[in-house]
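Got a structure for you, written out below as C-alpha cells; questions coming shortly.
Every chain is named by a letter (A, B, C and D) in the order it is written, and numbering of its residues begins at 1.
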Amino acid sequence: MLVVMESNATDQMVAKVCLVVESMGLVAHPIAGAQRTVVGVTGNKSKIDADKIFAQPGVRDVIHVTPPFRLVSRDYRAEDTVVDVGGVIFGGKECVIIAGPCAVESRDQAMTIAEQVVAAGAKIFRGGAFKPRTSPYSFQGLGEKGLEILDEVRDKFKLLIATEALDTESLDTVASHADIIQIGARNMQNFSLLKKAGRLNKPIILKRGMSATLEEFLMAAEYILAEGNPDVILCERGVRISADHTRNTLDLSAIPYVKRTSHLPIIADPSHGTGRKDHVIPLSRASIAVGADGLLVEVHHDPSNALSDGAQAITPEMFRQLMSQVKAIASVLGRSC
Amino acid sequence: MLVVMESNATDQMVAKVCLVVESMGLVAHPIAGAQRTVVGVTGNKSKIDADKIFAQPGVRDVIHVTPPFRLVSRDYRAEDTVVDVGGVIFGGKECVIIAGPCAVESRDQAMTIAEQVVAAGAKIFRGGAFKPRTSPYSFQGLGEKGLEILDEVRDKFKLLIATEALDTESLDTVASHADIIQIGARNMQNFSLLKKAGRLNKPIILKRGMSATLEEFLMAAEYILAEGNPDVILCERGVRISADHTRNTLDLSAIPYVKRTSHLPIIADPSHGTGRKDHVIPLSRASIAVGADGLLVEVHHDPSNALSDGAQAITPEMFRQLMSQVKAIASVLGRSC
Amino acid sequence: MLVVMESNATDQMVAKVCLVVESMGLVAHPIAGAQRTVVGVTGNKSKIDADKIFAQPGVRDVIHVTPPFRLVSRDYRAEDTVVDVGGVIFGGKECVIIAGPCAVESRDQAMTIAEQVVAAGAKIFRGGAFKPRTSPYSFQGLGEKGLEILDEVRDKFKLLIATEALDTESLDTVASHADIIQIGARNMQNFSLLKKAGRLNKPIILKRGMSATLEEFLMAAEYILAEGNPDVILCERGVRISADHTRNTLDLSAIPYVKRTSHLPIIADPSHGTGRKDHVIPLSRASIAVGADGLLVEVHHDPSNALSDGAQAITPEMFRQLMSQVKAIASVLGRSC
Amino acid sequence: MLVVMESNATDQMVAKVCLVVESMGLVAHPIAGAQRTVVGVTGNKSKIDADKIFAQPGVRDVIHVTPPFRLVSRDYRAEDTVVDVGGVIFGGKECVIIAGPCAVESRDQAMTIAEQVVAAGAKIFRGGAFKPRTSPYSFQGLGEKGLEILDEVRDKFKLLIATEALDTESLDTVASHADIIQIGARNMQNFSLLKKAGRLNKPIILKRGMSATLEEFLMAAEYILAEGNPDVILCERGVRISADHTRNTLDLSAIPYVKRTSHLPIIADPSHGTGRKDHVIPLSRASIAVGADGLLVEVHHDPSNALSDGAQAITPEMFRQLMSQVKAIASVLGRSC
C-alpha cells in the first residue's frame, strides 16, 4: 500500500501516519519526493482496510498495490480450479454449453426445449423457476413447481440442471433440485445470499453485476470461498454503458483478466450480454475465441410466445448453428465443446 | 406502445403483430410510413410486457410510451406523498436532515456523535448495525448489539432512528428497533427484500442502485407500494461513471425528474454520493438547492478511527457548518431545515 | 416519428402539434390512448429535426422510428461496400490486418518493425506522424519527417500506409503520403475535419469516439459520405465504462450491429480497445470471430523503449502468434487473413 | 510515481527498472513487500511519461502520485485566477451569468433575446454562429453573418459576446468578433485547436468532454496555458451515464474538485448539462450552491421555433425566475450575480 501525503503535509502528519501504520503491525517506509512525501507500507498479506489511514490529517490518497483477493487469487492458488459437476468439467479443456429457456413456463415447454438442446450437444439445461423481474407485475416464475419440472428434465434427458436462487429463503429448496445454482447480476453483492451459498456443497455460477468492477466481482466470489465452497464458476453477462444499441455490453476483456488474476473458471452469457437474438451467435463465437470456459445461452422453441426475455432467446435451429460454429472455434484453441 | 416493423416486413407480419396485440385485449393502429410500418397500441393502462410482441417476425423495435409505473406515478396520485415518521415529515415544507456514523461501533461512539448531531439540528440519527461490505474480511457491523445501542440513542436524545436492513432474515429484527428502515443501493433490486418491506408498517428509505435508471428505481419502489406500504422515501446516492475524481457521481437531475414523475419524497446522500469528506458540504448545499426533501449525511467525531468509510465522514464541526448553510439555502426556496 | 403528449395535454395542444407536423410537409396520425394521446408522423424519408415539435406545449417526448442515417444506411445500399486500397480489399472475404508502431520514432524503428510485420502477413503498415496526446509535454510525433519515413517503408516493403490526420491544416499533407487516412476517436465529431476528409479521394478509417453511440458514429461517417467520399472503414476501438481493469472496453457487439445497419466495412483495434498487451491476442481472436473485417494492431520491436503506448504494443513474436491464430479463426468463418 | 512489480518478478527485473528510472534522471527506492516489490520514484517535478517503465519485464502497474498538471495546478499557483473580460470578472466574488440562444438564427431573434436577457441581468450574451451538429443535414449556423449580428448585439446592448469556435480555420475570424471564445465538448481534445487558442489574447471557455476525466479536462486547459494564454474558464456541461432521464448528467462534484486542484475559474452549463428545459432552473440553483463561478444558459423567446436545441432552451420569463433564484442562492455564499 502507498499513502500519498498532501504537498503541504507537515512532518508531524507524516510521522502520525507512520505511527498508525505501525500500530496495525505493518512497516512504514516514508519517501520524501520533490513535491510531496509518500509512505510505502509493507508487511501486509492482503489488502488493508485503509479507511483509518485515509482519514488521517494530511493524507491525500491511499493506493492499494496488493489486490484484496485472497482465496480467489492466482497468487493463492497457481493452478486452474476445475469444477466437476457430475462429470461435466468447467475450467478444463472443454467449453461447457449450458442452454435452455429464460424461465420454465410449463412441463411441455421445458421438455420440448430440453430435447432440442440435448440433441444439439448441450450438457446442462438452464431454466428459471424463480425470476427476478424489474416490474412486480411481470411473470415471476413457477416457483417450486418449476423446480419439479426441472427434475423431470434431468431424469428424462440425463441433463444436469442449472437454475437461479433469488434469496436466502429459497436457497435450500433450489439447492435440493439444482446441480448448479445461479446467482444473478442483481444479487452479486447480496452478501447474505453469498455467505449462505458458501455453506452449500453445490457449484455456484456467479454473475457479474451490471456495473461491477472486476475487483468487486472477484470479492463477491471471495465471500463464497471464504465460507468453504470452492466451486464457483464466474459468468460475464454484460455491463451498462451509455450506448443503447444493445441492452448490455458484453465485456470480453473480463475473461483474459480473470484468467490471469484468478484460478476460477469463467463463462459468458451472450443472451443477457446483448439482449438481442441476432447478436447471440456472433458474440458466442467471440466468447469462445477470447477464452471463455463455456456459455450460458437462452433457447426457446417459440420465442414469440415466451413469458420472459423473448427478444433475446434464440431458436433451437439457431442453437444448432451456434454449436457448430463454437465447436469449430474451440478446436482452433485446442478445446472441445 | 409503438411497434416498429422492419423496413422489409411483409403485410402478413404486420397483420400477425396486430393479431397478437388484439389477443392481449388491446387495440392495434397500423400506420404505413415511407420506409416502414409502425403499429400504435392503445387500450393499456400500464406498460405492457412486450417480449411476446418483440419476438414476432418482422418486429424491429418496441417503444414504450406509457411508463411502467402505477402506484408510484404522479398520474396515479397527483398530490405529494408526505411520510410522517413520529412527527417528522418527509415531502412537506421541511428538509429533513438525517445524520450519524456509517456504522455503530460502540455505545460511546454512538452517544458522542448523537449528542453533537442533535445539538446541530438533526432530527433523525443514522447508524448501521448490519453493514454490506465489498470484502468478507471487513468489519460487518455489530448486528443486534448495534440495534440495542440505537435504542439507547433514541431514548436519550429523542432522536428517531434510521438503520439498514440487509436481508429478509434480519428485516423483522431491524424493523422492531428502527423508525425508518434503509434499503441500500446493492439491494435496490433484491425483490424478495422489497416485497417483505412492503408488508411492513414502517417507512422505508430506498436508495438508488449504482447504475440504475430512474425507471428501475421507481419500479423498485413500486414493489414496496404494491405490497401495501405507501411510506417510501427515495434516496439519490450517486451513480458510477467513468471519471474517478469521486467514488460516485451524485446525479442531482434525478431529483426534479422524480418530483415530476412520482409523488414520493426524495432525499440525497452526499456522503456516499461523493465518497470524499471535502465534497460533502458543497454537494449538500446543491442537493437542497435542487429541491431535495432532505439529506442523509455521515458524521463521525473521530473519522480517522472510524471502522468504515472514514474517508467520507465529516466531523461534528463540519456538520454544524453544513446545517447553517443548508438552512440558508432552504429558506431561499421557502423551506426550513 | 412518434410524438408523445403529456397525459394532461389539451385537445388544442394536440391539434397544434398536428399543425406543426403538417407545416413540415409530413402527415400526422393522432391516436388517443387510455392515458395519453400520441401522434404518429409519416412522410419523412429520414430522421426529422424534431426540436421544433419537442418544444410545443404539451409534448412529453419525441421518439424517432426512422434512424437518421441516409448514405451510410443499409436501407440506402443493400450490398456491402468494399473499399479497395491498392488491391487490398476491406469488406470482402479477407480480414485485413494493419500493423505497426503507435508512432513513427525513427527510420530505423519503422524499418525494423515493418520488416517483421510484412513477414508475418500484414498488408498495411500503421504508424503515427502526428500524435494526439493528453499532455502537451508528451512526444507529439515526428510530423512531416515521419511521413517521409512512411514513404520509405512503402517503397521498400510494398506495404500500404495508414496514418492519422489530426487537423484540417495537415490533412492535405497527410493525404499526399498516406494510402489510408485515420481519423482518431477524439476527432470523431470534429466535423470540419470530417467534411474536408469527405472531399478527398482517399479511404478513411474512422474510429468510434470514446463514449459515442453507434448512431453518432454512423452519423460521423455520414458527414464524410455526404461530401462525396464513399470509402469509409469504421473502427471499433473501445469505449469507457466505470470498470478499470482495461483502459477501454472493446464493444464487440458494435460489429454485428454495424453490419446489420450499414453497408460499410468495420474493423477492430484491440490495442487501444484494451490498452494492455496481454489482452491483444485474445481480443484479436474475438474480433475476427465476431465478424470484423480486419484489425488495427500496435506492434513494436522494443516496447520498453517505445515513445508512446508501450504498454499496449505487442512484440513481433506475439504478432506472429496473433496472425496464426486469427487466420485459423477466420477460416472457420470462411474468410482469410 | 510508484512501480508495482509482479509477485514473481526476479531481482534482475527490479534492478532493470531501477536502472531505467535512474537513466531518466530520477531516484529509485525499491521496497520489498511480503507479496511483491514496489519501486518508489522521486525526483520528478511533474507526472512522468511512464510508458517506457510500464513496458519493462516484470512490471505489473505504474501508479502516478504526482498529477500531470503544471500550469493549471493549484500547486503551481495558489491564488485563484481571475479572468477579466472587459470588466466582467470570472473567478471573483461575482457569479457571472451568460445567456442567449443556442444559435444565432436571425438579427431579429438575437436582438429580441438579447434585450430580454440584459434586462434580467445577464452580463454576457451567448449565441452560436458555427454549430457542431451530429447530423450533416441539421442547421449548421449562420457563419460569419452570425458573427456580424453578434457585433450588433454588443453595440446595442453593451453586452459582451461569447461564441464558439469550431476549428482552427475559423478561429481567427471568431476571435475578431468574440469577447470570449467557447471551445465545445466535442473539441475538448482537439489539440490543434487548443494550441492555436493558446496563442490568442482572448479568454477561452473550455467545456468538459462528454466522457472526460477531470485529469483530461485540466490537461486540455494545460495545452492552452502552455502556449501562453492564461485566461481559461472551465465549464462543466454534463457527462454521459447509462441512465436516460436526461441527455447528459451534470457532474456538480467537478466544481469543488476543480476548485481544490486548480486555480482556474469554473462555470456550469445546466442547459446542455440536462437537455431538458424543466431541469434548467433547479440545476442552475444547484450549480451556484455548489460553488460555480457562473452559468451558461440557453434562452430563446420562442423555443418551439428554435432551429436547434429547442427542447433545452428556457423562455425569457423562466430566465427572470432563474436570475432571481440564483441571486438569492449566491448571496447565501457571500457572492453576487
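Throughout what follows, a residue touches a chain if its C-beta (ideal position, glycine included) is under 8 Å from a C-beta of that chain, and two chains touch if they have at least 3 such contacts.
A quick note: this is a predicted structure, and the numbers were derived from the prediction, not measured.
J.: Which is the least count of steps on a path of touching chains running from chain B to chain C?
T.: Counted as steps through touching chains, the separation is 1.
J.: Taking each chain's centre as the mean of its Cα atoms, which chain lies farthest from chain B?
T.: C
J.: Round to the nearest whole Å and give the separation of the Cα centres of chain B and chain D.
T.: Here chain B and chain D have centroids separated by 31 Å.
J.: Averaging only over C-alpha atoms, locate the centres of chain A and chain B and give their separation in whole Å.
T.: It comes to 26 Å between the two C-alpha centres.
J.: Round to the nearest whole Å and give the separation of the Cα centres of chain A and chain D.
T.: Centres of chain A and chain D (C-alpha means) sit 38 Å apart.
J.: I need the residues of chain D touching at least two other chains; which ones are they?
T.: Those would be 211, 215, 240-242, 244.
J.: In their complex, what parts of chain B are in touch with chain D?
T.: Listed in rising order, the residues are 211-215, 239-246, 249-257, 260, 273-274, 278-279, 282-283, 285-291, 325, 328-329, 332-333.
J.: Spell out the part of chain D that touches chain C in their complex, as residue ranges.
T.: 20, 46-47, 49, 51-52, 54-57, 68, 70, 132-139, 166-169, 186-187, 189-193, 195, 210-211, 215-216, 219, 222-223, 226, 240, 303-311, 313
J.: For the complex, give me every residue of chain C touching chain B.
T.: 2, 4, 7, 29, 31-36, 38, 40, 42-45, 61, 63, 65-66, 75, 211, 240-242, 244
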